[in-house]
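In what comes next, subunit A is part of two complexes: it sits with subunit B in the first one and with subunit C in the second one.
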Partner chain A sequence: MPSPLEIVGARKVFATPEGGSMTALDGVSLKLASAEFVTLLGPSGCGKTTLLRTISGFETLDDGDVLIDGTAVTQMPAHRRPVNTVFQRYALFGHMSVGRNVGYALEIAGRDKREIDTRVGEMLDLVGMSGMQQRSIAQLSGGQQQRVALARALAGKPRLLLLDEPLSALDKNLRQKMQQELKALQRELGIGFIFVTHDQEEALTMSDRIAVLAHGRIQQIGTPGALYRTPANLFTADFLGESNLLPAEVSGTAARLRDGQGFAAARRGGPATLLLRPEALCLRAPNGPALRFDGTLRETFYTGTDHQVVLDTAGHGTLRALLRADGALPDIGAAMTLYADAQGLHLIDEVLP
Partner chain B sequence: MSLERRKRGHLLGLLGAPTLFLLVFFFGPLLIMLVYAFLTPGLYGGVDWVFSHLNFGRILGWANTRYETFDPVYIAIFLRSLRLAGLTVLSSLLICYPAAFWISRMRPGLRAFAIFLVTLPFFVSLIVRLFAWVLILRPTGFLNQALMGAGLTSTPVEFLYTDFAVILGMTYVFIPFMFLPLYGAIEKLDMAQIEASFDLGATRWQTFRKVVLPATMPGIVGGSVITFIPALGNFIVPSVLGGAKVLMIGNLIEQQFLSARNWPFGSALAMLVMAAVLVLLLAQTRLARAKT
Partner chain C sequence: MSLRRLLSLYGLLFLAFVYAPILLVVIYSFNANTLNMMIWDGFTLDWYRQIFGMKTDLADNATYVDSTRQLYGAVRTSLIVALSTSVLSTVFGTALALAVARYRFRLAPMYRALMMLPMIMPDIVLGIALLIFFITIGMNLSMLTIIIGQSTFLVSYVFVTVSARLAQSDPGLEEASADLGASPAQTFRKITLPTIAPGILCGWLLAFIISMDDLVITYFIAGTGNTTLPIHIWGMLRRGIKPEINAIATLMLLFTLLIAAIGLYLRSRRQT
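For the complex of A and B:
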C-alpha cells in the first residue's frame, strides 16, 4: 500500500517586501508510514504552515514533490486534491447555514440532495452537533464553529485531513477536550491527520509522530516519547519540554561534566551536551552511580502533584527540577543537593553556544 | 429614572435639529407637491384650488378633456428612464466590481490613493465634466477623429444625443456611488473563505457564485439602489448629452415646473417617480429581511 503522504525534497523561497528572499522550506522530506497523526511543530516562521499549504495546494513548490497515495500532486490545483483543511480561524461561510457549510464539498461535487442530507447528518453526529443543520454560523460558540469546520472538512471523505492550528482560538479546557476528541476521531476514521501547531504540549498529547521544524528544515521526526527522551539536537531538546543542558566532554565510553563528575556514555569522543529533564532530578541519592548537584534553593512553585524547584549551583548554573510533593523542602535560600541517576543519560552531539 | 429622562433629553437634543431640518426642508415641500398633484393648473401658471385627478389621467390614460388629454409619450419617457437608469446601474456595476476587487488587494498606501482617485471627480463641477464629454463625443470630437484617423469609419459616428451617450455620462457620474458600498463589502471579504471553498473542491467560478457573490451581495444591492435612484430622476446628464432626443422623466418634470409652468402636472410626474423608488426600496428591504 502506498504512503498516504510523501514529501520529497520540498523547497520554497519567498521574496520579501524589502527585496530579499526568505527560505521557508529548505529541503523537507517527510513520509507517512500509514494513516498516522503527524504534528508539524515549530516556532512561528519555521515553515510549518508553508509545508501544510503545499500539501493543500495553496503554495507551489520551487523544487521537490508532494505525493498523495503514491500519486504526485505537485502540479495539481488545490480544488482537485483529495485533502481537506481545517483552517486556523475556521473560515466558515457566514452566509450559509451549518448544514450547507458541512455539505459544501458534496454540493460542489454535484451529489443529490438526499445523499448530502444524510452525510451532513452523519458528520454532525460525529462531531457532537446533531440536529443543528439550520443554525446560522453567527449563532455558534467558538467550540461549535470548530466542530462545524471539522465536519465540513471531513464530509467529502478526504484521503488526508490537514489542520492549521485549529485549537489556538479556544480556551484551555475546551482545547484539552478537543485534543482528545481529535485523536479519537483520527483513530476512528483511519485517515492521516497532519496537524500544525506551535504548542509543544498539544503536539506531545495528540501525535503518533512529531516533526520538529526550524529554519525551514525538519530538525527531528519521531514519536513524542523518543523526541522527549532522546532529542537529536539542542533545538529539539529546548523546544520540547523543560530541559537542563550541561556541557560535557566524552572520551571513549565515559563522559565528564565540567566539575569532573563522570558517567557512562555510548558515544564518540569530543564535546557534547548532557540533557537532564527536570523530573530526572531527585532529593535522595539513588542506589548505584549518581550525579550530584550542590546549590542553594532560589525558588519553588507548588503545582499540586509536584514542586517545581529552581536551584542555583556553583558549577552548573541554574537547574530546574520537578520533585514529588511528598518530601519536605528546605527553606528558600538554604543549601540543597539534588541527584540524578548516572545511567541511561542522554547526550546531544552539539555544543552549547 | 432621572438618568433615563436625562438620556432621553440628550437624545432629543441631538435629534431635534436634524429632525426639524428634514420636516421643514424635505417633508414640507414634498407635502406641498403631493397636494399640488391633485390641483388644477392655473391659466397663467400657479394653481387653482380645485381638485383634479386629471394630472395623473394625462399620464396613465383616463384624461380626455379639451385641455387635458392622455398621451402615451409620458409613459414611454418613464419607461425609457427606468431602462436607462437600469443600464446605468448595470454598467457601473460591471466596472466597479472588478475595480473594487483590484483596489482592495493593493498595498495600503496605494489603496488609499486609488480610492481618492475614484472620488476625485467630485471636486470638479458636474457641468464642466459633462461638457468635456460633449467635446469627446461630438461628430468633430476626439473620439470620432480617432476613429476616422484609424480608418475605422469614413463619416463621423453619432455618439452625442443618443441613449449610449446618456448611459455613458450617468455611469461616469455615478461610479463613486456604486464603488464605495461595493468596496466596503469586498474589502471585508474573508480571503480564508475563498481558500476554504477551493479546498473543498470548488473551481474559481463555483467559488465566485457560491461564496464571493453572496458575501458581497449587500454591497451590490446597496450600490445599485443608491445609483438607480438618482439616475432615474437625473435631468442634467440627459439634457447635456441626450439633447432633445433622449428625454428622461427628470427633464420632463423640470420642463413642467420651469418652462410649461404646469406645477400640478410636474408634481404628478414627480409623485410617480417617488412611487417607483418607494416600491424599489420596499422590495429591497423585503429581500434583505427574507435573507436573515
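For the complex of A and C:
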C-alpha cells in the first residue's frame, strides 16, 4: 500500500516586503508510514503552516514533490486534492446553516440530497452535535464551531485530514478534551492526520510521531518518547519539555562535566552537551555511579504531585528539578544536593552557545 | 448654559437647517394658494392631480403648460437610464473591487486611488470631458451616451461599497471552499457572492438613486430629445417657480426613500 502522504525535498522561498527573501521550507522530506497522527511542531515562522499549505494546495513549491497515496499532486489545484483542512479560525460559512456547512463538500460533489442529509447526520453524531443541522453559525460557541469545522472537513471522506492549530482558540479544559477526542477519532477513522501546533504539550499528548521544525527544516522526527528522551540537537531538547543542558567533554567512552565528574558515554569524542530532564534529578543518591550537584535552593513550586525546584549551583549554573512531593525540602536559601543516575544519560552532538 | 445643552441645541438647529426646507416643500405641495407659494391658503391635492393629468380647476397660468405626457416621458427616460446605468456600473464596479481586493499586482494602491477619483472630480469637468470625448469619436448624443457617461463615475460608488464589504469578509472562507472541493466558479457563486451581496445591493441602489438625480453631467451629454427628470425640472424652473414643482419634488423624495427602505429591508433579511 502506498504511503498516504510523502513529501520529497520541499523548498519554498517567499519574497519579503523589504525586497529580501525568506526560506520557509528548506528541503523538507517527510513520509507517513501508514494512517498516522503526525504533528508538525515548531515556533511561529518555522515553516510548519507553509508545509501544511503545500499539502492542501494553497502554496506551490519552488522545488520538490508532494505525493498523496503515491500520486504526485504537486501541480494539482487545491480543490482537486483528496485532503481537507480544519482551519485555525474555522472559516465556517456564516451565511449557511450548520447542516449546509457540514454537507458542503458533498453538495459541491453533486451528491443527492438524501445521501447528503444522511452523511451530515452521521458527521454531527460523530462530533457530538446531533440534531443541530438547522442552527446558524452565529449561534454556536467556540467549541461547537470547532466541532462543525471538524465535521465539515471529514464529511467528504478525505484521504488525509490537515489541522492547522485548530485548538489554539479554545480554553484549557476544552482543549484537553478535544485533544483526546481527536486522537480517538483518528484511530477510529483510520486516516492520516497532519496536525500543526506550536504547543509542545499538545504535540506530546496526541501524536504517533512528531516532526520538529525550525528555520524551514525538519530538526528531528520520531515518536514523542524518542524525541523527549533522545533529542538529536539542542533545539529539539530545548523546545520539547524542560531541560537542563550542561557542557561535557567526551573522550572514548567516558565523558566529563566541566567540574570533572565522569559518566559513561557511547560516543567517539570531542565537546558535547549533556541533557538532564528535571525528573532525572533526585534528592537521594542512587545505587551505583551518580552525578552530584551541590548548590543553594532558590525557589520551589508545589504542583500537587511534585515540587518544582530551582537550584543555583556553583559550577553548573541553574538547574531545574522535579521532585516527588513526599520528601521534605530544605528551606529556601539553604544548601541542597541533587543527584542523577550516571548511567544511560543522553548526549547531544552540539555545543552550547 | 452647560456645554452639553449647548451641543444639543446646536444639534437641533443643525437638523432643522437640513430638514426644514425639505419639510416645507412637502407641506406646500398641499397648499391651495396658486399665487404665492409661501402663504398657506388651505389644503388641496390639485397639484398632484395636475401631475397625474387629472382634471383640476387650476388656471393655466398657475401651472406649467407642459403636458403630463412630457413629464412622464422624462420620468421614463430617467428610469431607463438609471436602471441600465446602475446595472452596468454594478457589474463593472463589483468586478473591479474583486480584482483589486483578491489579486496582488503592482500599483494596486494606485488603481484604488484612481477608482475613487471620479467621486471627487468636479461634475462640470467630467461633463465637459465626456462631451468632448463623444464628439471626438463621432458618437451622436443619445440615451446611450447618458448611460455610458453616468456609468463612468457611478462605477466608483459601487467599487467603494463593494470594497468595504470585501475588506470585512474573510478570504479564509474562499480557501475553505476550495479545500472542500469547490472550483473557483463554484466558490464565487456559493461563497463570495452571498458574502458581498449586501455591498453589491447597496452599491446598486446608490448608483440608481444618484443616476436618477444627476443633473450637471447628464445635461452636458444628453443632447436634444433625451430629457431626464432632473433636466425637465430644471427646464420648468426656468419658467418661474410654481407650486406644482413642490409636488414633483415630494414624489421624487418619496420614491428615493422607498428605494432606500427596500434596500435596508433586503439587507436586514439577509443578515438574519
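In this section, the second predicted complex is superposed on the first by the 353 of 353 C-alpha atoms of A that agree within 3 Å, B and C clash if a C-alpha of one lies under 4 Å from a C-alpha of the other, contacts with A are read in each partner's own complex, and residues count from 1 in each chain.
The rule is short, and it goes like this: contacts are C-beta pairs under 8 Å (C-beta built on N, C-alpha and C of every residue); 3 or more make two chains touch, one makes a residue touch a chain.
Small disclaimer: the values here were computed from a predicted structure and weren't measured.
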| item | value |
| --- | --- |
| Partners on subunit A (subunit B, subunit C) - clash or fit | clash |
| Touched partner set for A:58, first subunit B, second subunit C, both or neither | both |
| Partner chain in contact with A:332 - subunit B first, subunit C second, else both or neither | neither |
| Which of subunit B and subunit C A:156 touches, first, second, both or neither | both |
| Partner chain(s) touched by A:79 [first = subunit B, second = subunit C, both, neither] | both |
| Touched partner set for A:33, first subunit B, second subunit C, both or neither | neither |
| Which of subunit B and subunit C A:352 touches, first, second, both or neither | neither |
| Common interface positions of subunit A, toward subunit B and toward subunit C | 56-58, 77-80, 83-85, 87, 89, 91-95, 104-105, 108-109, 152-153, 156 |
| Residue ranges of subunit C touching subunit A (in the complex, touch as defined) | 170, 172-173, 175-184, 186-187, 190-191, 194-195, 270 |
| Contact set on subunit B toward subunit A in their complex | 190, 192-193, 195-203, 206, 210-211, 214-215, 217 |
| List of subunit A residues in touch with subunit C within their complex | 56-58, 77-80, 83-85, 87, 89, 91-95, 104-105, 108-109, 152-153, 156 |
| Contact set on subunit A toward subunit B in their complex | 56-58, 77-80, 83-85, 87-89, 91-96, 104-105, 107-109, 152-153, 156 |
